[in-house]
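Labels A, B and C are assigned to the chains in the order they are written; within every chain, residues are numbered from 1.
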Amino acid sequence: MGINVKLQAFEGPLDLLLHLIDKNKVNIYDIPIVVITEQYMEYVNQMDKTDLNVVSEFLVMAATLLDIKSRMLLPKEVNEDGEEEDPRAELVQKLIEYKLFKHMSLELKDRQLDAERALYKPSTVPPEVEAYKPPVNLEELVGDMTLSKLNSIFQDVLKRKEEKIDPVRSKFGKIEKEEVSMSDRLVHVKSFLMEHRSFSFTQLLMDNHSKVATIVTFLVVLELIKTGFVTVEQEKTFSDIMITVQKNPELIEDIDEE
Amino acid sequence: MDIERIEAIIEAVLFTMGESVEADKLAAAIDHDVDTTLKIVHNMMDKYESEDRGIKIIELENAFQMCTKPEFYDNLIKVASQPRKYVLTDVLLEALSIIAYKQPITKMEIEKIRGVSSDFAVNKLVEYGLVKEVGRLDAPGRPMLFGTTENFLRSFGVQSIDDLPVISEDMVEQYKEEAEYELAADSVAAKLDESDEDDNQLTLNI
Amino acid sequence: MDIERIEAIIEAVLFTMGESVEADKLAAAIDHDVDTTLKIVHNMMDKYESEDRGIKIIELENAFQMCTKPEFYDNLIKVASQPRKYVLTDVLLEALSIIAYKQPITKMEIEKIRGVSSDFAVNKLVEYGLVKEVGRLDAPGRPMLFGTTENFLRSFGVQSIDDLPVISEDMVEQYKEEAEYELAADSVAAKLDESDEDDNQLTLNI
């Protein structure tokens, strides 16, 4: 015995088995299990054992082969219909299926070579087409907004402004109590989101570096993560946080600050 | 090589390159000299132009490019343009209300009232056609003045800006009273009140 | 709109977009229903194929794309460069063919057929954009199901997955005949043959 199997790389145990069957010129439906098992083991023994994952895959098949070998020696098992079962049947089925796919992969390879002979073209959308914006449907845009609603919005704005002016302290001029509201930061973040798809947290703070602003901005970002408008990534601790826009920022609603 | 095949190759080259291709490159592809190539391509250009084709060949400084016939841009837009959603967000509504009630107004003033940059909001409102530039302020930098458009009036069912509901004097009074109340006995407060006149003026000028 | 103009629009759209365009988008561009659009495009495909054109239209699962005719490849590579993005090793091709024929399929099932771990192969195929996750199996652990992409169709010149080269009955028969021939007188062989009936079913059902 001992057809010397060169130590070539096989994709796996099935690949090796097909190779042995081919090399011995035996029939796949009637594998001489003793011979094949012997040659299979010979190959496995010579294998580089450093990659345990690979080795274990080959060993599982080795166990299967030995199992089949021993069952071949026993009286034939009989199935429910009273027919004798060949211990090799399952393995044969697997080998045939594998062989078919190997064959199909070669067929695909040919097709790929043919397909590569066709060349494609990059998209060349004329700027005029690219710049096209559908007309604004004002009726839809304005919706159920009315003049009186607009009026109350205006009054809210004015009121907010009044409240912001602390009548006493504003006189001293120099002392500033910093007020950074979530809403205000949100407005800033939102407009930033509209113009950038991806940016760092530091970039967000360009306009206001104060501690309060940083904290409030961070809270706003957390809120946006929660509502799914952005995702964040940080390469390692203390490195800058990268923010990526996920949904249309125009849809961001004001944050309820309670 | 027959002429049909040559033309087919030129078509294929111009197609796949997308951008312009120099005449000598085309010549190389079809294995002919540049003069012959030019003749062939010029002939092809006429053919593309006169036939019912969606594409044509244009010449640019001894180079050629295949491009879409402009007459089909409208059809192309149906495929290539991005669907956009226009929404009047709270931010936009705020800016719009300020412009509506205080027009003509500069971006700077809007910012002062809202306390935040309003560039984006104003630009969007202009894009939507609700707001437009109505002039320039006679001040350093000659900043733009914004006001509402006729479309705005139509959309909100207003005849003219004079019809905008007034911010009642009562309300302004109320703000003032609150302030006065808090600072009543205080002389500092009294001064404040005076010096705040400007601010009130601003609100009263509506 | 006459048919020449419609064809010109389709040509313009496919040319401009470069990438594949779904039938319904083409339909929108020419203002017709999808069925009519399909008929028109299929007719155009035949025309491009038979006429002396350098380009043709290919179909990819209900989308269409324009590309050069393969016969001009040798002329084209003189001036254009073909970006060869990846080399598919036998391992990758094997995993790919299993996925192509048995999609949707889990990594586990691929492993069962190949007899080796296929994590690496599947991940690479996903990276190359030939394979993608198409869902999850309703089973413990909800394993991912993989299928082929449009890019797979394009790269292998396949119109749709139904158009893959068939795993022919002939091939299975051939294996069996070889067996029968060699083992003609052997009764065991005959039995094996019978009991293999199921297997064939399995392979043919792909």
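Keep this in mind: contacts are C-beta pairs under 8 Å (C-beta built on N, C-alpha and C of every residue); 3 or more make two chains touch, one makes a residue touch a chain.
On a predicted model such as this, the values are computed, not experimentally measured, just so you know.
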{"item": "Chain whose Cα centroid lies at the greatest distance from that of chain A", "value": "B"}
{"item": "Identity of the most central chain, Cα criterion", "value": "A"}
{"item": "For chain A paired with chain C, centre-to-centre distance based on mean C-alpha positions, whole Å", "value": "23"}
{"item": "Distance from chain C to chain B - Cα centre to Cα centre, in angstrom", "value": "44"}
{"item": "Interchain centroid distance [CA atoms averaged], chain A/chain B, Å", "value": "36"}
{"item": "Junction residues of chain A, two or more chains touched", "value": "119-122, 124-126, 129"}
{"item": "Set of chain C residues in contact with two or more other chains", "value": "15-18, 66-69, 76, 80"}
{"item": "Contact footprint of chain C on chain B as seen in their complex", "value": "4-5, 7-13, 15-18, 21, 25-26, 28-31, 52-55, 66, 68-69, 72, 75-76, 78-80"}
{"item": "Touch list for chain A against partner chain C, complex", "value": "11-15, 27-30, 53-54, 57, 61, 83-86, 89, 92-94, 96-109, 111-112, 114-126, 129"}
{"item": "Residue ranges of chain B in contact with chain A within the complex", "value": "12, 15-19, 67-68, 70, 73, 76-77, 80-81, 83-91, 93-94, 96-98, 100-101, 113-117, 119-121, 127-130, 151, 154-158, 164-165, 167, 171, 175, 178-179, 182-183, 188-189, 191-192, 195-196, 199, 203"}
{"item": "Interfacial residue positions of chain A with respect to chain B in the complex", "value": "119-122, 124-126, 128-130, 132-134, 136-143, 145-148, 150-151, 153-155, 157-162, 164-165, 167-168, 171, 184, 187-188, 190-191, 194-195, 207, 248, 250-254"}
